[in-house]
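Heads up, there are several structures right after this.
You will see chain A twice below: alongside chain B first, and alongside chain C after that.
Coming up: the complex of A and B.
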């Protein structure tokens, strides 16, 4: 049943290129954990190492209480769903699903063509395999397809067959390598729901690899965001979105991308375009990046807001939302703001526009990209205001 | 559009083109097909008809008069012990070359395929016999298999076996020629199998590995063999045709002596040494029918078990 997967100090190098750099990860039993990152970040390699298809140079993998670092994939009790589905094209759907069971329940001898026919116990084993295959097929609603070849199936049906082949063994953990990326957009959204539903039903541990942050955000219990062979941040989708540990995390998660502006720090006060926005405890920072989510930018000002001057450039209508692209004046950055259609209707293209945000709703990152937490309590806000007054006097 | 047509003078509107639309399409179609048809006629059909016509006569090269003799050439052929021996010899040769030529090539290809750095080296080594001319290589084989001078017999003798007359002992001669035939064809088949192996998606092996096909044999039976189906069919057909056409080794090494006649060699003797053109034509037809029958049968049989 559902078991924990524990990685510690996984390192993998190809020639001179380090693909995974001392990666450690604790995955809870029954958790849906997503490894997300741009292509080449090492997420697929990590999954293949967990599966046992590749061996790590250093580090250990335990599933449940067992150290499986040097075991064959089958002995690790994991199942994998591949991006290409990797169905055996010469077998029917039923035979495809039965393959993992044939390998485990039939003896080597019984698997031989012709010779195997006479092996004792073969008939009983095949009957039990057939029963399990039908049960899984019923669960995934593909009973009608059992006699077909993969070539006769649609993308979504192949996806289900691949899932069935993974499920039939009741593995300790499911490994999924971008299983939805070959589906069309609509089906992908549908399968997202189905997979989460399936995860809940099975209660099994899912380790899911994707480059699509939307998939990661919508499906996961926790996300491990990877870059250059390291885990940048491990947390719930909410944590990654609302408290990104670094600028790279903030930029990866969220669509459209978070707006970034450069600010200078004098005497511990963050000044954006000459306007103080926050007060820092540590005075050693020279410059910081102020990052604002598109939905944090507003057209109407509230007390204490920071105001950005920009020129409205383009409106993107998405139905319920409308994205405004505006060129910010001082730093010549394209800003994205998420507006309601009602607000957007008042925007005049190529005309100056003011965008406001609350400093407490912004994220601050040091020059090394790490998150800084400026104090945003009342006293700090007052301190800023007082200093502002002092400066203007 | 229709309004414009209505205003046109009646004569112009009713003027039919010289040829109707369908007729022109037909002509165009024929024009496109004609070069291939013409070539096919010139290269295959006309010679084949000539061959059939010749096989029913007693035509000899340079003869003044020729007679129609019906199927006599065919009955003569099947009652001729030399031709019958050539026939069984060829069958034996093919029966050895197909399984070994295909099997060894498959084994070599699967072994080479997993090499990373040495792969191209082995590819070249196994392909060399294909690039060399068989006539020249046959002379080398003659030396290698020589009863007294050859290294093979020297090795056998040192192991305590007797001396083998590979190229003059009637029992050994066809198997020996078949070994040379296998040697010649393995490289080519290996390259074909390597191409087939490269076309198998890596994911399938990964999936098989995760599904529990850990042993090489399981992986071979689950992925490699079924996925190579189309390649195996192609290789088997080309190998059988090549094997049927065995000629050079016989012509160079034995000249058909010691009971080593094969179909193509007796055909060559009848046609180009004895100038029995009518008889040679009949033999050619028998040969063609046989190759055709076997390749069609093989293609149909294997086709059913092969997925595409």
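Coming up: the complex of A and C.
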């Protein structure tokens, strides 16, 4: 049964270092939520606190309707898949998968090596465990491996066994701590699809930790982007990409990294290299960062575009598209532009080049890093033009 | 190895040299054992013969071994040795393994203090404790019991230290996975961590058994009843009983009492060496 997971006010400090700072998060039943961030941002600690492997200094965790903040890990009804898979090395695959069921379905007495044999109901319990283990193994296509030891398996197979061990108990929520980072690149892409598919089949709540923004973008229903123990933004992959709440979010999400340029604000007009780009209602900003996604930079100009002078530096061919690295002249920033191979074929390396973007397609961030939304309606555009005329006059 | 001209390549010499040195050393070490076996089959008249020739002029093995087994209860000594060694080892493992697991993997207040106490206890020699232990056992009227033979060795700080170092390297994620799967800390310790540490446990078992099979110091203090004597003390009783004259029988007894450990070593030679090299690395 998919359950909601609710975190409120989770705080954790190690010595003097605050790892999690008053984190609250509502995860819907059946949701695939990803905690993403650079290493040391607190995402793994948060996951381990949900699992019960570590205790928060403050805050509560509830799974479904139950407050589990102070329960032991096994009573929380969550399963975890670890980065190293954490399979029991001296047990066979079958025994590994059966372990959580043996713990929950056999009495303490029945688990003893010899005494247990005589325990009533042991045979039935073992039969039901065997049946469930085989069912999960079939679902993940690892029936053939049930008799092997983890050391005899490849990375991808171990990953499946770890998943099977988590799935077999039908937990309220799955917790995954960078489960794909030990796989080679090709298998990782494949397992990404497979995990998403599995999530759809099971309809269970998934909480997934990764440092890889591509994994986060491709798999999640929602992403919580974390830094320094705080959630910077919580939203769908689309929201994080197209409406980043802060400059740090914009820089973390998207590859290549978003292009950032400094602009000055005079009389509420954002001026980039002396060219007015946008009109702000509030006049208190002094300087803003204009951030442009690589695909928003174009080689051909359209009316109303802002133009950047640069020198083409290098071309990276990626098959379907091509990345142009160009040194922007005034601020000496390396710009990334995503071009089609046809466009890229016309670029001459070490020659001056003009890159254009539509101001409404850019993101604006105040000096404190927070997003500001300049109004890009007709009147604002007119205001810009009028001031432009006024200034040039 | 050798080329057609019959000369050995220089690298072969450099490989043979260490072996030659080691073999000379081995000869010196084996000589007393050889002498023991030789004496045990010689007639009294031949005992002081310096010849190393393996076949005695008159073959006296039967008489010597019969004398040894009839004068003193040799097999009783061996049984005592087995009871004491196994008793000590079992309790040592039962106590040291959970203690080492707690020190290695469970954060609890005072863990560092306890570990320093363990290290500190490693520095206290047995002899320092002998007198108070003897007085305590005498006061409790426990002298001349198997318990008195085992008591000082039941808690091995060396085992706690050795196992703690081994358990420390066990992956934390597996322990956490086990906690999520519902295993108790005891189950994690005995069913997951111990199987992975079997080489270290085997190595410790070797040290423990050898040390207590061969121990003479403590049995001499607490045992005066011949029926409870472990092998070395038994040998001492035998030497006394014979007033040290019948060397043939004495050496026959020594050969019998040494044989179990030698046989054990020959049977489990590989594990033995693995265990000891491993403790060397740690």
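As a convention for this text, the second predicted complex is superposed on the first by the 393 of 393 C-alpha atoms of A that agree within 3 Å, B and C clash if a C-alpha of one lies under 4 Å from a C-alpha of the other, contacts with A are read in each partner's own complex, and residues count from 1 in each chain.
The rule we apply is simple: a residue touches a chain if its C-beta (ideal position, glycine included) is under 8 Å from a C-beta of that chain, and two chains touch if they have at least 3 such contacts.
None of the values given here were measured: they were computed from a predicted structure.
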Taking chain A as the common reference, can chain B and chain C both be placed on it without clashing, or not? Answer clash or fit. clash
Is A:74 touching anything from chain B or chain C once the two structures are fitted on A? First, second, both or neither. both
Answer with first, second, both or neither: which of chain B and chain C does A:307 touch in the superposed model? neither
Contacts of A:149 with chain B and chain C, given as first, second, both or neither: first
Chain B or chain C: which reaches more residues on chain A? B
Between chain B and chain C, whom does A:89 touch in the aligned arrangement: first, second, both, or neither? both
Which residues would you name on chain A as touching chain B in one complex and chain C in the other? 48, 51-53, 72-74, 78-80, 82-84, 86-90, 99-100, 103-104, 111, 165
Report the residues of chain A in contact with chain B in the complex, numbered from low to high. 48, 51-53, 72-74, 78-80, 82-84, 86-91, 99-100, 103-104, 108, 111-113, 149, 151, 165
Chain A partner contacts - residues on chain C that touch it in the complex: 171, 173-174, 176-183, 187, 192, 195-196
Once bound in the complex, which stretches of chain B touch chain A? 201, 203-204, 206-215, 218, 221-223, 226-227, 229, 307
So in the complex, which bits of chain A are touching chain C? 48, 51-53, 72-74, 78-80, 82-84, 86-90, 99-100, 103-104, 111, 165
